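Letters A, B and C name the chains as they come in the text, with residue numbers starting at 1 for each one.
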Amino acid sequence: MTLLGGLDYASVLVFAAAGSLAASRAQLDIVGFAFVACLTAVGGGTIRDLLLDRSIFWMANPTIILIAVSVALVVFFTAHLLESRLKTLEWLDALALSVAVSAGTGVAILEEQPAVIVVLLGIVTGVMGGLMRDVVCNEVPLVLKQGELYASAAFAGACATLLATRSGLSPLLTLAACTALTFALRAGSIRFGWSLPTYKSRPPRL
Amino acid sequence: MTLLGGLDYASVLVFAAAGSLAASRAQLDIVGFAFVACLTAVGGGTIRDLLLDRSIFWMANPTIILIAVSVALVVFFTAHLLESRLKTLEWLDALALSVAVSAGTGVAILEEQPAVIVVLLGIVTGVMGGLMRDVVCNEVPLVLKQGELYASAAFAGACATLLATRSGLSPLLTLAACTALTFALRAGSIRFGWSLPTYKSRPPRL
Amino acid sequence: MTLLGGLDYASVLVFAAAGSLAASRAQLDIVGFAFVACLTAVGGGTIRDLLLDRSIFWMANPTIILIAVSVALVVFFTAHLLESRLKTLEWLDALALSVAVSAGTGVAILEEQPAVIVVLLGIVTGVMGGLMRDVVCNEVPLVLKQGELYASAAFAGACATLLATRSGLSPLLTLAACTALTFALRAGSIRFGWSLPTYKSRPPRL
């Protein structure tokens, strides 16, 4: 298995868990859990692959779907053991975001895309799965939560990967550092309220 | 016309009617009816074809769009004759779901996809059109309604088609049986409240 | 630069501004502005290109993304100077819709699609970017606003382009006339309340 393939697996695993928790909050049955888990797990990567006109990563490798479904089954029977499903969802989503940004950026670099596209595909791979999950589950998308680093964390991670690759760092180190940076920013935002200044309307919203 | 082509037509017809009823509930004008009817009618199959990297079924055959638009026109002028548009929408959606799951599963088998992908594409073809309709019309997606068989009915139908094909049943019988099974499960859920156990939070939702 | 390429640029510019205003209403940070601006700016054209199995227009030309991001930066720092961001958003969206319908119709004619598909792709290119913006930002989609010409204006513009092309008008004149017609209808609807009769439920909604 290649490094990038491994990252796709890892992000599927964690996003599937976050998706299943969202399904638990919507009180779905077990097939609903599997559906939302798959949508969240492969959503971002699917859009990346469609845009790159590559074969979709999970069509060539159905094991990925089986992983997402297995995670959904496990969460269906164990989610009640968690103290707060909302908090757990948020942290799992942060982890999955970080891994997926690395995976997306890495694939785009491998396909020799220009820098702007590399960064954009990194962000798309990271945020789109969670965005579709939230739209389908009728929740306010995490990416839109005011005063939180989300797209911004993905942006920083994707830029860092690009720079590290250009400066000749080894792929393993690059991807590990990128994941760590994205996660650190997102975690700082959840835990300590780190944020960028948001737009404030002056005068108030019309 | 092939059997699978015929199924695509049938699902377009019924989904277009369901989409038009959703448009009537949103009080759109006649072009809005046609827009929502087309989105609902071809949405699921379009995603299936994009994932399979096949040519989109209605691009090669614009008659399909004309059918959806004609249905929208008819519904625009006749929907007020219905006793309950919501109930009718639900039943039409059930029928369209059943037909579309067969069509999606059939195409994926024809393209010689592995079993997991066949089942998944069956579900995607069945539920995505209605899901996009509900997201665009700002309604809670039917696929998320608690305590109803929806994705589950699609899952059962797709699995049955796969098994029947593997055991050598004729395509016509297979597709008819799959449609009947999906519809029976969905209908039982609407009419008699059949359902799978849903996730219940213990302790309550946080 | 070709005429159609120029239209794509123009619609990106105006849609990015409309998207940034939507981001300002959701009080996002600067990366959030850029994200929503890009989604709105390239959303419709991306779906058009995926359906036509063409290379995505902005993947081949990352300048387009840079334009959308630059617009987002400018709007982030200047939006408070506007008297009403909602009104400005509506008018920018009307302008972008008109340009994008021309661009979409023009590309579909160039690809020698049948008439039905040309009109449909014109509408899709025009309305999908704004629709995704509204779904992601949790606003009621403009395309669904009762008693307004929106999809209808796009439909009229796309039909006019098709007719003008078939009757041998020069491409420049055709596209200009199409943009003007779509904009005139949409503007008349915003300013003077022009509309088509909408569906009214008799008896009331059930």
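Simple rule for what comes next: a residue touches a chain if its C-beta (ideal position, glycine included) is under 8 Å from a C-beta of that chain, and two chains touch if they have at least 3 such contacts.
Being a predicted model, the structure only gives us computed values, none of them experimental.
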Angle of the C-alpha superposing rotation, subunit A to subunit C, to the nearest 5 degrees:
120
Interface check for copies subunit A and subunit B. Shared numbers divided by all numbers used: above half gives same, below half gives different; which is it?
different
Approximate Å spacing (C-alpha centroids) for the pair subunit A, subunit B:
28
Please list all residues of subunit B that touch 2 or more other chains.
50, 135
Subunit C to subunit B touching residues, read off their complex:
50-53, 113-117, 120, 123, 127, 131, 135, 140-141, 143-144, 146-147, 149-152, 155, 195-203, 205-206
Where on subunit B does subunit C make contact in their complex?
23-35, 38, 46, 50, 55-56, 59, 62, 65-66, 76, 79-80, 83-87, 135-138
